[in-house]
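Naming follows writing order (A, B, C and D), and every chain is counted from residue 1.
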Amino acid sequence: MDRPGQLVRGAVCARGDAVNQLSEHYRQVRRHTLALAEPLSDEDCGAQSMTDASPVKWHLAHTTWFFETFILERLEQDFVPFHTAFRVLFNSYYNGIGEKHPRAQRGLLTRPSMAEVRAYRSNVDARMASLLAAASGHDGAGLQAGLASLLTLGLQHEQQHQELLLTDVKHLLAQNPLLPAYLAQPLLPPPAAPALEWRLFEGGLCEIGYQGAGFCFDNELPRHRQYLAPFELATRLVSNGEYLAFIEAGGYRDAGLWLAEGWDWVRSQQLAAPLYWRQDGQGQWHEFTLYGEQPLVAARPACHLSLFEADAYARWAGARLPTEAEWEYAAQHAGVAEPLQAMALHPRSAGEGGDRGSLLQMLGQGWQWTSSSYAGYPGFRTAAGALGEYNGKFMLNQYVLRGSSCATPAGHGRISYRNFFPAGARWQFTAIRLARQSSVAA
Amino acid sequence: MDRPGQLVRGAVCARGDAVNQLSEHYRQVRRHTLALAEPLSDEDCGAQSMTDASPVKWHLAHTTWFFETFILERLEQDFVPFHTAFRVLFNSYYNGIGEKHPRAQRGLLTRPSMAEVRAYRSNVDARMASLLAAASGHDGAGLQAGLASLLTLGLQHEQQHQELLLTDVKHLLAQNPLLPAYLAQPLLPPPAAPALEWRLFEGGLCEIGYQGAGFCFDNELPRHRQYLAPFELATRLVSNGEYLAFIEAGGYRDAGLWLAEGWDWVRSQQLAAPLYWRQDGQGQWHEFTLYGEQPLVAARPACHLSLFEADAYARWAGARLPTEAEWEYAAQHAGVAEPLQAMALHPRSAGEGGDRGSLLQMLGQGWQWTSSSYAGYPGFRTAAGALGEYNGKFMLNQYVLRGSSCATPAGHGRISYRNFFPAGARWQFTAIRLARQSSVAA
Amino acid sequence: MDRPGQLVRGAVCARGDAVNQLSEHYRQVRRHTLALAEPLSDEDCGAQSMTDASPVKWHLAHTTWFFETFILERLEQDFVPFHTAFRVLFNSYYNGIGEKHPRAQRGLLTRPSMAEVRAYRSNVDARMASLLAAASGHDGAGLQAGLASLLTLGLQHEQQHQELLLTDVKHLLAQNPLLPAYLAQPLLPPPAAPALEWRLFEGGLCEIGYQGAGFCFDNELPRHRQYLAPFELATRLVSNGEYLAFIEAGGYRDAGLWLAEGWDWVRSQQLAAPLYWRQDGQGQWHEFTLYGEQPLVAARPACHLSLFEADAYARWAGARLPTEAEWEYAAQHAGVAEPLQAMALHPRSAGEGGDRGSLLQMLGQGWQWTSSSYAGYPGFRTAAGALGEYNGKFMLNQYVLRGSSCATPAGHGRISYRNFFPAGARWQFTAIRLARQSSVAA
Amino acid sequence: MDRPGQLVRGAVCARGDAVNQLSEHYRQVRRHTLALAEPLSDEDCGAQSMTDASPVKWHLAHTTWFFETFILERLEQDFVPFHTAFRVLFNSYYNGIGEKHPRAQRGLLTRPSMAEVRAYRSNVDARMASLLAAASGHDGAGLQAGLASLLTLGLQHEQQHQELLLTDVKHLLAQNPLLPAYLAQPLLPPPAAPALEWRLFEGGLCEIGYQGAGFCFDNELPRHRQYLAPFELATRLVSNGEYLAFIEAGGYRDAGLWLAEGWDWVRSQQLAAPLYWRQDGQGQWHEFTLYGEQPLVAARPACHLSLFEADAYARWAGARLPTEAEWEYAAQHAGVAEPLQAMALHPRSAGEGGDRGSLLQMLGQGWQWTSSSYAGYPGFRTAAGALGEYNGKFMLNQYVLRGSSCATPAGHGRISYRNFFPAGARWQFTAIRLARQSSVAA
C-alpha cells in the first residue's frame, strides 16, 4: 500500500478452476474499489487534506499502477505503458522504480481527470484479463507461481487502499465546515455493551507468525518461538463512555499519565479529546463519522486514538497495552472470528450482534494498538527488487496494531496480520484493548 | 479582492440610462468571470496550489459573496442568505464581517460543488437584477449614490479576481508534471522588439493621484503634490533576451547585486531563473505559459519576476527602478494608452503591434515594479465599516506595481492605478521597466 | 554596525590639532565601549539571547575588526592580522570581505575568550595609535582625507554598537528568571509629565537631509527637496499611562486597529503588552529595565514597542505616525536639542528636566517610529567596495525611526539621522510620537 | 540524568564501614565531575550548542539539584533550599517537581555564575556530609535503606552526566571554527586492529536483565526469560577504515541501503559522513576529537554514528545489528570485561591493548546500537513519585545501545546496562557491532 506495507510471501500455484477463481476475485476487488468512490463527486476525489492522506483519485490510479508496473510490465508481450508519466505520478514510495511525484502535492494533480483515471483502470483491467486468460490457457498448466503470487499481492494491496480510501476521505470531509456525510446513516438497533471482563492466558514458549497455506504478508513470517509470561486480556474494546470518563477525570491535563513524547504532543497541539470528537455549547459530545456528525454513543468503541492516548488511558485504568505477541497468542487460543453482520462504516458496540468467541471485537471494529515497536521477526528477509521496499524499510519508530477495523474489507484480516503507524497517527480507526499482568501467576 | 485591495472613493450617482448601463456592465463582467472558468474541469477549479493562490471555484464564490454581503444584505428587503455557511466560507479577509475559513484550506472545500457555486452565482445575479430594477424604477430618481458606488466597486473587485483567477490557475497547472495548457496557443506573428531607449522627464512640483469623474480606488486619492528631480525612463520593458544575459553573466550568484533580503531569498530557495523558466538538457530555455510550455522568445518581456530580481537586474544594468510618482508623472506626459490588439494570455513584445505613444508597454503587458513602498497618500482615509478593510491594512512591507498586465481585463487599468505585492511575489505577470537619474539635469 | 547601517559621506581633512582631537576621540570612544562591559561577567558577555542580538564579546571584537579591516589592513605597513580567523569570526555582513560566521551561532564562540578579545582591542588600539602618530607627523600635512574619514566612520560605527550592546544585554538579562539588573537603580526625582499638546507646521516645499560640515552617514544624503502638506506634531512622546489606557480599552484584541500583518503578529505571538511589561497577580504592572524589574511609571515614555503597536495606538488615538520628512522638518523649525541631564539607562518623562524647545523628547529618550519605509534619497549612491554594503542593501521592508534614545551615546544623534528596523522589532528603545493632519490647513 | 534515564531498583542497606564507603564514593564522584570542568573556562561552561546538549555549568548544578531535591529536601531537618529559584532552573524533566526552565534556553542562564554554582555544590556537599554522618551515627544502625538507595542513585545519575558533559562540550567545541581542544593529545602507540571475526552463539531459552546484589537501574529489571534463535556476533567494532569503504562505495547515495526515515534524514541534512568527520582539499579525512582535530585513524572504531548509519552499514556489509537480548546473552557467555588501560577521551582500536575475552570492545570504547526499540521488560514498574519519571516515560521511539564508551566513568558500565537514544542521535560515542543469522543453525 502507499504507506508501510507488507509483501506477500509464499508462492501460490494456481491451476484450472483456481485461475478462474483468481480472475473472479480480481474483478470483485477492482469493482469494489470503484464502488467506494461512488458516493463522491470528482471534486471530492481530487482533494488531499494532509500529507499522510491521499486523494481518492490517487488511490484509484496507484492501485492500477501497481498491476501495470509489477505484472504487465514484466509479463505482457509488447508492453506499452498506458501513459508514460503515470510511472512517476502514481509511484508511492518505490525508489527502485525511479522518481516519484512529491507526496504532499498529490492534491494538485487535477490532470489526469477522474474520467482518465477510470479509463486507466478499464484499460489495465482488460489487459490483465487477457494476460490471465493467456496464462491460464497456454498449456493447461495454469498460472506460473510468480504471476499468481503477484496477482494476489496486488489484490491484497488494493484492499489495503480500500481502507485507506475511506479513512482519507473521512479526514477530508471532516475539514469541511459543512460536515458532509459520505453516506446516509442507516437505522441501527439501540446499542448495548457487555461489561469489560478479563481473560487469563498462561503463556509460556509459544509460536507467533503466519502458519498455513493461504496468503500472508512477508512481515508475518517467519513463524518463530517467543516466551510469554502469563497475562490477562480485556474481553472487549474500551468504549466511548469509558474514554469519556478518562477525559472528565482530567486525563489530558495530567502529565504523569503520558509518555514524555505524548505529553509534548498533547500540549503542542492543545488536544483534549479524540480526533473527530466535538463538544457543543450545551456540553453534549458529537463524533464526526462517515455518516456525518452524530451524537456520541457511549457503548461503541472509542476510536481515532493515537498510541499516546491509548497508552495514557491504559495507565489511568491501571492496565497496559498488550504486546503484539500476547495479542496473537490470545487470538490463537480464543477462537477469534470476524463478526457476522454486514459491513458498517463505523465501529459497533460489542452488544450490537455478530461477535463470537470469548474475546469480542478482535476483528472488524477497530485496529488495536500494541506496545510493540514494528520490527522484522527473527530471520526476516525482504524480497529482491523494488517489491522488497514494500515492507522492511518502514521498520522504525512505528508501532504495531493488531486486528482489523470496520473499514477493513471482508476477508482481508487475519490474526497474524501486522498493521503499523507512528504513535501520533489518529485518522485510522484505531482503538484500545487493555492487557494486564496476570494477578494469579507467579 | 482577496488580497490587499483598494476601495472605491467618490460617489457615483446614476440615473435613467446610466442604470441600464450599470446593469449591462454587471452582466458582462459576471459573464466574463464564468467564461474564464470554461476551459477548466471541476477538478481544476477546486485545487489550491499554494496559500497565496485560491481555487477558481473560490474566486467564483467569493466575488458573489461580495455582492451578497455588501449590497443585498444591506438593501434587499427580507434578505435571506443563499446559504448561511457561505458568509464564513467565502469571506476573504474582512474581520468586520466575522469569522473566515482558513486561507490555506480553501482547496479542501470540495463542497459546495462547482454546480452549487454556479447556482449561487445565478441566484445572486437574479436578486441583483431585481434590486437594480426596483431601485431604478422606484421613483424615477435612479439609483441612490451609495448603491451605484457599491455596485461599481463590486465589479472592479470582480475584475481584480479575474486576473487573479488566471495567475492562480497558471500556478496550479505549472505544478503538474503533465504541464497542461489552459488554452491552445494561437498562431502569432514572429515577434520583434525595438531597441531600448531612454526618455527624459523634467520633473519639478507635480501632481499625483487620480483626477477625473470616473471610478478609482481610494488608494489613488487624494491627488496631491510631489516634487520630482529630473529622471529618465526606459521606453519599453526589459526583454527575455536581456534578462537571459543577466543570468548568463552570473547575476544570481553575485551577492553584490542584491538587496540583503533578496540575497537570502535567492540562496534559501536556490533560485537561478524567473518562475516558470526551465532549461532543458540541451541548454534551451522554455517558459510555462497559459498556452502550455513554450520555447522562450527573446523579444518578449521578461515576466514573473520578484522585486528582488527586478532590483538586482536594474543594478546590474547600471540603472534603477522608477518610483511610483515618476512612473505616473511620465505616463501623464507621454500619452499612454492600452494596446489595441485583442487580449492575450502572455505578454507580447513591443514590436508585436498595437502599442502607441513614446513609452511602450506601459499598460497591458506586465505589472511594473517600482521602488516605492505601498503607503497611503498624504491625507488618505479609509472608509467606515468592513469595506474600510479593503485597503489600508495592507500598507506595510509591500511594494507598488504600476501599469497593468496581459491578464488585466480590458478597461480595468489606469495610469493612477496602484497594484502591490510583497517583494518576493512572482506568480503575477510582473515585469521590469528601468529608470535612471537624468544625465543632463543638475 | 552589525545591522542595517549607514556609511559616512564626505571627506574629513584633519590637520595638526585636529589629528590630536581625533586621536583623543578615538581613545574616549574605545574606552567607553569597555566601560559598558564593566558591570558584566565573562559569562554574561558570551551569551546570545536571539539571532537579532549579539553577545557583548562579539560587539567588542567586531568593532575592533572594523578598524583592523578597513584601516590597518589598508594603511599599515607590513600588515599582519592579529588572528587570521578573526576576519571571518567577526565579520558581520560584508560579503565583499568574504566568509562570515553564522549570525545565529555567535553565542557558541567561547573561544576566543574575553581576555583574548580584550588583548585584541589593546593590540589594535596600539597599532591605530602608531598609525595616527605616523600619519600625523609624517610631513606635517596631517591625515589624508581618506584616513580621517574612515576613522570617523569607525568611531560612529562603534557608537552604534554601544547602543546595541545595551539593548542586547537587556534582552539577555530579561530571559533570566532571576531578572538580574545591569546596574543598580539610581535615586530619581518623582517624575511628572506635561500634557500632550499639538504644534502646527506649515509645510510646503522644504529640504530634507544632512547639511553642514560635520559627519553624517551616506543615507542622510543627498539633501533634497520634498513637498509637505501642513501637519501637526505632538509635543512629547506617548506615556506609559496613555499606552496602558490603550491596553485596558482592549487595543490588543481589536483587529480593526491593526495593520493586517500586525494583527497576525499579535495573534501568532499572543501579545497583550509591550516587551518587558509584566502584570503581577495583583494587577500591578512592572517593566524590566537595565536597573532590574521596576514598577511601571505612568509619566515615562512607553517604549520597546513595535511599529505595529505604534501604528495601532496612533489609530486608536485618532492620530497617525509622522513621516520621516515631517519629523525632520519639524525638528529643523523647533530648535531641537539633546537633554542636558546625564545619561540614563531608561527613558525619562518630559517633566524630569533637561528638555528644551517646544518639542520635547525629540532626542535622547526613545527612537520614534515613522510611517516611512526605509529607502535611498533621490540620487543616493553607495560607496565602492565592501563599505558600500554598510547601507543600501538593507533598504527594504524596514521602517525609519527618528531621534535617538537614552542608550544613544552623547553626541551621536542628529536631526537628520535615520535609524531603521523591521516593523516587528521591539528590543530597541522604540517609542511613539503622534502626528495628525492639520485641522486648520486646507 | 537529564535525558531518558533509569531508576535504581533494589534497596541497599548500608551499615558501619559501608556508610564510610558510600561517603567516600560520594566525595570521589563529586570531585571527578568538577575535575572534568577543569580544562574549561567559565565561558566554555556557559554555552549550549543545541537543544539536545546542556552547558557544563548546568550539568554541575543539575546533579547537585538532584541531591538537594531528592535527599536533602526529604531528610534534612529544617530544610532551606540554597536558592528557591534553583528548583525550577535546574529541574531537567521531572513534572512531579513542578515548573522547569525551558531546555533550549539553558545557555542564556549567565546567572547564577560558575562561582555561584561551585558554591552551590560545596554547600550541598557539606549538608550531605552532615546528613550522612548523622544518619550513620544516630543509633549505630547505619543508613536506612531508602537513603542509601537514593544516594547510590544520585551518584549513578551524576556519572551519567559526567559522560554527557564530555559529549556536550565536544559538540560545543566542534562548532567553533578555531577547533579548540579540550585536552592536549597524549602520545599513543601506533594502533593496529585484529581482523573482524564472527563468534557463534547457540541461543535458546535464556535469561535477560540484571542479576546480583549490586546496583542497577530499574529498566534492567525484572530479569526475565526470552527465546533466542542461534546467531553470530562480530568480535570487534566496525573500524574507521571499514566505514570509509562504505562511504567510498557510495553508501550515502544508495536509497536501497537505508530505512525510509533514514533516507529522508540523509537527504534533508545532506549528509555524507559521520559527525565530526571532515575531508580536506587533498582528500584526507580528519576527525574532530576532544584532543582537537586529528587525522582519521583507520584502525580505530567508527563512532558518532546514528542508528540510521549503523543500520545502513550493516545492510551494506551483508549483516544486521544485534538485538539487545543477543548482545546481553553473548556478553554473559563471553567473559566480557572493561579494558584495563587508563581512560581515554576517544575510542581506541582493539589492538591498542587492554581488551580481554573473545569479544573485544564490548565495554569502554563506544555504545553499540541494537535493533531493539526501548521498552519496559515484561512486568516492568516505575517507582512512585517524581523519581518514577526517571525512566518509563521515555520508552517510545528510542533505540537501545549496549556496552559503554570511552567517556563512561570507570565502574559505571554493566552488561545489563540499557542506554537509549533516538535513531538520529550522533553526538554520543556511538559505534557499530555487527550480527548475523547463524550460518550453521537451522
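Operating definition for what follows: a contact is a pair of C-beta atoms (placed from the backbone, for glycine too) under 8 Å apart; a residue touches a chain by one contact, two chains touch by 3 or more.
Source: prediction; values computed, not measured.
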{"item": "Number of hops, subunit B to subunit D, where each hop joins two touching chains", "value": "2"}
{"item": "Self-contact between copies subunit A and subunit B, residue sets same or different by half", "value": "same"}
{"item": "Centre-of-Cα separation between subunit B and subunit A, whole angstrom", "value": "48"}
{"item": "Centre-to-centre distance between subunit C and subunit A (centres being mean Cα positions), rounded to whole Å", "value": "61"}
{"item": "Centre-to-centre distance between subunit C and subunit B (centres being mean Cα positions), rounded to whole Å", "value": "39"}
{"item": "Multi-chain contact sites of subunit A, meaning residues that touch two or more partners", "value": "none"}
{"item": "Chain-level touch network, classified as line, ring, star, complete or other", "value": "ring"}
{"item": "Every chain pair meeting the contact rule", "value": "A-B, A-D, B-C, C-D"}
{"item": "Subunit B to subunit A touching residues, read off their complex", "value": "41-47, 49, 85, 88-89, 101, 105, 107-114, 172, 175-178, 180"}
{"item": "Partner subunit A, residues of subunit D touching it in the complex", "value": "4, 93, 95-96, 205, 224-229, 255-256, 258-263, 307, 371-373, 375, 378-379, 389, 393-397, 423, 437"}
